[in-house]
């Protein structure tokens, strides 16, 4: 217990407890033996120091050549001890190598100098703290602020490989690591036992930014994990929904369709869309409406049908030729997931995507601007 | 004592100690050579196990006739080296020189055939780092429809991987080249001995020089005896040609 | 031929001036050519000594750069690429240019012939050739490290080293290849010398333990180094082919090669290599402990055979460096088991050495401080190897600072201390002068203290997960990194102190007698410094090497005669 709060790093997985037990047993036993040897040395050096200072000459020492029984003892006893430790360590290693049969698989691809993590449902996280100085080497990619999320008390099997050189995916809090070898798959597993955030390190030298190929694992409750997978729960203020979730795909569409042009929090020409889902919105010309799925859908397909109080009817309609039904769902999922401060900021040097409208169209002469529902 | 006075080096007590040291030294050196070649033999064997089919295909295309001739040359040259030791012990200068020369000439013959074989490999597009790798037309043992196929095409049709063939050929060239280098060094040593015999410096009490050189030569021969089946006999040969 | 051994009349080595023809080896020719073309094993040892010292300073400078950079979590003085080249250079220089040749090529060359009672090594010309090969390899390696550098780590793992690193991989491995030959030549020479050139009466059971250690070391040098040679040759060919734009793969998975094969071949040499580095040190410790406690070694046979045992079993444990690389569970079991076996002979030695102190008459001059320091630090180093040999715990410690601390404990806390101890023990014999007793004790203590300060914190860092070869690390590790760097400066002070008083002793040290430590080995019965042919007359050995209790040298004379 004392050790846990002072000397030991956090024990955040099932295996960590086993590994720590082995480590501390070995440390204790070898420590005691070592101290025993040092004590013997100290006692002998003091008790048998030469009394005549610095004189080198005939000395009445006994002619001791050895002791078969003592030597046998300190051959056999260490051997037995070491073999016992070997057995225990082998048992722990065996546990670490063999995941439970039903553990879901998360795939991890290492590449200079980032980790690309893929979940069974298609969600993706990229970890890595590359300095932008090397962005030329790595295709323009810089800092990756992704966080790998895992549910507490559930086993997960990770399958690791590499695209280029040998890396190693290591998590000290779980006391596990596994080499990422190009051309081969390697697997290990964890069952996180404590909620928290833990370091990931690359543990096989791989070049310039080997020390920046790091990241974080966040262990959360099962509910938060499920919400995170769905894109509803974010790993921190200002973070996006996980890549691969509907909300994340919706975010990409939001930018590709250039909605950000007007729905910008800084210089908005349109209502801010953060935290509007299921709230009551006042309409132009009186009345209110609950901003549910249908309302949001209508606002995209036929934006001039219900205009918000205080804004002009200038939004163009996005029909099925611009946004398919599936894509519409993604955009709606994104809007539903938006919390305060999560809307990306549009800067002046953002270039609009090809084909996207760059200016809001002039106000329509008629009230009905889109195709019927 | 006087017969070996000239042969005894100053730091040894007597000639038997010196001879024992020289022989032991050579055996120890041979042990290092066995480990040196052993390393690459092991690596080759690992890949041969992993890629048995591909290695069988390419091994069957190597020139086993030339390899057989080379084997005979080396075995015979080892025999003449043993005669050389005996002649040195008996003090027969001329026969000694003839046996040494015979070994050297047969070794050189080996290298000559090897050079021919390397050139043939190049022309068949088997050099892995050359630009014509796999692009030359060679006789196809598997398809007899009268059309000529390049090696790449043949490999693609039989499902053999060009990368693995490249791996085999890399090992082939590296192993035979290192062996050839050792052989050339051996020929050099034999020629030095021949020169010394010519100058009359190899008296009966100095025969150990011939013995240790012969030991080295036997090792180079023995390495070839392992190298040759590993490389040339890993797959069926479809023709015997020069 | 008489088989009885005549009653021994101990012949004192005559004073050199009495026989002008038998001058000391240092005075036997003063020109630079007499040194560069020498075949005298003692002069060759000195040639090695000069450059070993230089290379140690070079490797230590790289270490200083590494430690200084680690003061800051973001790299204090070097960018990432330069840091990577620096730690690689530190490893390559310290391992191949210092640790491997240190005791074998310097002390081994100098003392093995004398200790067995011979006039020279079995192959004197091979000996000087080994020095030239070493110089050539060093020049190539250092040239590669300095111009452009090498950033692969000394372990050179492909495919990074063969396809992705744009540094001097080919010249670097070529240098290592050449250096390997020097190691093989030295090993071969020592083996044949011990086998064939022992003086009458010098049976295997009477050989000093230093010779047993040198024998075991030479076995490894002879048999393991060729495998390194072929491994780096293959790597060099692959790297060169990539550099030239016509890539061939031997270990490259993109071309159907297997990078794990490289690891197996590399570690097949590099694990026994670490025993090349430590076993000679163990031999030295046996010599010093017995002399400074005036006692026979406790358990001569066990200590002698444990050196050979470590060498033999050491060939069977290489894949314990690969427990997380993806070897099969059964392979991992086998190698962990064998690694546990190799720990036992080392444990036996530690217990036997400690028992040697029992009821001795112990004095604490510098050689003894180094030997006792070795005992303490090597024990920690060896014991911290156990969690690394144990499968379950190695997963956590692999490639962290725990491993770095472990191997520095055995290599620096063990081997470097033993090297310095050997230097201090045999200095009066090699040069005929004595150094300052006071300053030597200060220097040794500074090094031991500085060493502990440098490397103890690293165990904690490794346990908490700080990986090796990281110029950037999480800020919570900064304090211990700074402490570790502080230890470096203390060590530096120690090394400079030692260099200073040892150099000064060459110019104005007190003349040393034949046997200033009243030791019992054959080397203490020759002049200080020895004559070129070591002995005036071939010695006849009548007893074992550590008869301190009987005050008897190996030829039967009195040990306390100076």
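Quick notes
Lettered A, B and C in written order, each chain numbered from 1.
Throughout what follows, a residue touches a chain if its C-beta (ideal position, glycine included) is under 8 Å from a C-beta of that chain, and two chains touch if they have at least 3 such contacts.
Here the structure is a predicted model, which is why all the values come from computation and not from measurement.
The touch graph of the protein chains shown is a line. Ranking every chain by how far its Cα centroid lies from the centroid of chain B, the top place goes to A.
Chain A and chain C have Cα centroids lying 44 Å from one another.
With centres defined as mean CA coordinates, chain B is found 56 Å away from chain A. For the pair chain B and chain C, the distance between mean C-alpha positions equals 36 Å.
Contact residues of chain C toward chain B in the complex are 118-124, 126, 184, 188-189, 191-192, 195-197, 222-227, 229-231, 233-234, 237, 241, 244, 246, 248-250, 255-258, 261, 265, 268, 538. Taken in their complex, chain C has these residues touching chain A: 80-81, 84, 151-153, 155, 157, 159-160, 164-165, 253-254, 259-260, 293-296, 298-302, 323-326, 329, 332-333, 336-337, 340-341, 343-344, 347-348, 350-352, 354-355, 357-365, 372, 375-376, 379-380, 383-384, 386-387, 389-396, 398-400, 460, 463-465, 467-474, 516-518, 547-551, 558-560.
Taken in their complex, chain B has these residues touching chain C: 10-13, 17, 20-21, 24-25, 28-29, 31-33, 35-40, 42-43, 46-47, 50-51, 128-131, 161, 163-164, 166-167, 170-171, 174. The part of chain A that touches chain C in the complex is made up of residues 7-9, 18-19, 22-23, 26-27, 30-31, 33-34, 37-38, 40-41, 44-45, 48-51, 54, 56-67, 70-71, 74-75, 78-79, 82-83, 85-86, 88-97, 112, 129, 164-166, 168, 170, 172-173, 175-179, 181-184, 186, 199, 201-212.
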